[in-house]
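So, here come the structures, one by one.
You will see two complexes here that share chain A, one where it goes with chain B and one where it goes with chain C.
Take a look at the complex of A and B:
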């Protein structure tokens, strides 16, 4: 019973389910929150779900991290694919840069109008 | 809570989207297949012969896909540049998050050089163990964040030195690429001797590129932290 839970497809299914649940939480936050700050943090949560899905779907049971150690001196098929990890490393840094720029825009908007609620935005003249 | 107000069209729409995503997810789970050997296994075979770097992720980031990393560092620079343009530089800037606590001050002074040393260790061993320029750079920036929290307005950051580090590390990355064109014929090819697998001076240009990336990330994240933590109080305006 426990051995079937330790196989690679089951772990892939768990990672897929969990990351889609986190993605859905972030999506609901983006669509239903009125606070700009919370909206951008929800975008960041959706990003984290994608990172988890990408890394987790390339996990394989019994394979090593692609780093040579004393026990694993050969780079062969006993190591996992290094390309997704390198890609996600790039994506995390770009995510931080975009989140920082967006939050600085939120700070600027607050200084301009005194609030950060999207349902009270009337800069384009369609005030309710 | 008013029930009539909480259930809105937007929430219904988001619930619909989430449920359709869940259906798509069920399809993914049913048709899941094991990952086939792809580009990564080919790169792992190339890694030992071409780079002598113990960390294959590092050699993908800085050698096989080095141009991507150059673009990524450029995006980070442009983002910090855009934030810096929007900041108004008046004299009323003050640290908005600051704890006046003597225990924190003494602890931060003791920990600051240790954290810088640990960040430098992570940067320099990026081709041997988990870690590298991005991770070590963020560790160094967190040392500066600790100083901002402990010292507040009394901690003065020299912007000329930070800009110098930022500019020189970015220029060094590009110059190393141009050196690769002159010596190897390809941008960002390896102009340095490869060394032996597992030694500190191994992997050729990989360690040098990650050193430049680490310095650039450290200075940029430090500037980013300063932009956010030291600002005008918006309620005064």
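Take a look at the complex of A and C:
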């Protein structure tokens, strides 16, 4: 019975469900939180959920990581698809850069305004 | 000469900034001249398809056809004009770096031919746009940049999900390979992918109902940066969305839906502009309106209308650069961008330029905007969409109302604040105004270029 838990379709199901739960947590955070810091962290959570989903759905039981070594000199059927891995690796780097930039904006904004609440950001508008 | 040099040259220039940090205006000028030369050399042998590393469908594809040549030409032209304009300013490394990366990102968006590269250039252009918004480093700037980042993150999540779904279902990321196989997907998957792309690009192309944030960003950013946003950024995304759409060949009802979205976008933007008291916001809404018309025309999928849309994109870029850069001078002189300040400055030269810009955006003959709108209307009427022509004309009346209100304000109020405009800036701004008149009087060659670009655009991506 326990063997089914070790099969590829089951692992895919777990990864898909899990990543959608994480995505939902991030979405709720983005929509309900007023603290800018928490909003950007929620975006980061949503992105991580997408990464998990994409990498997880290309995982296959018994296949190797797509790294060329002495035993594996060619990309073939014994390896998992290398494209998602390369893609997600790059996307993680971009995500960190964007998050760092966002947080630095929040820090600078806090220095000038004294708060980081999105519902009190009323500098912009036709009245001012 | 490789296509990559169009993207690599600006990035290289940015990396070497410390070596010439006191001579950046001249470097910026040389860089844009070099890019214009490279584009000129490449232009004679279009269409060019270039693979980096592996052969398609595994490698990375860049391509240049008549459509992307048109957009790259417009962007490099604006880059050259901006470099000339900042020639008299003092060397500012931060501004140089961010602006050059911004142009590199926009060129990358136009040239790259696979989804993952598009995503990377999408992020490069977005990050530099966030930084440009906060360039003044004041509270408004940071508030605007934070808002921009929040909405931009939503867009990038939607696009990432779309790219993932395409890869999961098709197994390729290069546009030619996707274009070949997209029709074989189940209908609901096709619609899901199109919906994700529509939301992601809808935010970035600033289309209703995803554009309610745009006026805030324009208000927060420095006035001259608004000109670049209006002329370059939204146009690059517009190109990209329709490049993808024409390549994927969805069913005809999708095009009808997009035309209605464009029309709604135009209407909502013009009504919002009507009550505005801040000139940057009014011009931002006017930009949104024109993007709506261009979106509508591109979505019609008709060669004549699309060529008119491209002409509209080009002339609108010129007009909005003129309006925003002239507004920056007014802002510097009067210290305000409120409607009240617009009546106070004394400069017949700028009054003339503002009038030219307004009339061209409105589409009054004999200016360039008229030729663009006339071509669009002619094509729409021939394709049997006469009611859309009437709707657009009716909404244009609202646009005319607020532009003429601004002009009558100029005529009525007492002009007490003299403006000093450097002669170099006068020549450059004047050349934009002259361009609008000349393109209106002799549109022949430009219109032919647009027609050729439209044909290549509608044919989808070059085949492998």
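As a working rule, the second predicted complex is superposed on the first by the 116 of 128 C-alpha atoms of A that agree within 3 Å, B and C clash if a C-alpha of one lies under 4 Å from a C-alpha of the other, contacts with A are read in each partner's own complex, and residues count from 1 in each chain.
Criterion: contacts are C-beta pairs under 8 Å (C-beta built on N, C-alpha and C of every residue); 3 or more make two chains touch, one makes a residue touch a chain.
In this text the structure is predicted, and so the values were computed from the model without any measurement.
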Partner contacting more residues of chain A (chain B vs chain C) = B
Could you say whether A:13 touches chain B, chain C, both of them, or neither, answering first, second, both or neither?
-> first
Classify the contacts of A:98 with the two partner chains as first (chain B alone), second (chain C alone), both, or neither.
-> both
Looking at the overlay, what does A:90 touch: chain B (first), chain C (second), both, or neither?
-> both
Thinking of the overlay built on chain A, is A:77 touched by chain B (first), by chain C (second), by both, or by neither?
-> first
Partner chain(s) touched by A:109 [first = chain B, second = chain C, both, neither] = second
Answer with first, second, both or neither: which of chain B and chain C does A:39 touch in the superposed model?
-> second
Looking at the overlay, what does A:119 touch: chain B (first), chain C (second), both, or neither?
-> neither
Thinking of the overlay built on chain A, is A:54 touched by chain B (first), by chain C (second), by both, or by neither?
-> second
Common interface residues of chain A - those touching chain B in one complex and chain C in the other = 57, 83-84, 90, 94, 97-98, 101, 105, 108
Interface residues, chain B side, partner chain A - complex = 8, 10-11, 13-15, 17-18, 21-22, 25, 28-29, 32, 34-35, 37-41, 43-45, 47-48, 54-57, 59-61, 65, 68-69, 72, 75-76, 78-80, 82-83, 86-87, 129-130, 132, 134, 197-198, 217, 224, 227-228, 231-232, 234, 237
For the complex, which residues does chain A have touching chain B?
-> 8-9, 12-13, 16-17, 20, 23-24, 27-28, 31-32, 57-58, 60, 65-69, 73-77, 79-86, 89-90, 92-94, 96-98, 100-101, 103-105, 107-108, 110-111, 114
What residues of chain C sit close enough to touch chain A in their complex?
-> 116, 119-120, 123, 126-127, 130-131, 134, 137-140, 142-147, 149-150, 153-154, 156-157, 160-161, 164, 167-168, 173, 216, 219-220, 275-278, 281
Note: in the complex, chain A contacts chain C through residues 30, 36, 39-40, 43, 46-47, 50, 53-54, 57, 83-84, 87, 90-91, 94, 97-98, 101-102, 105-106, 108-109, 112-113, 121, 123-127
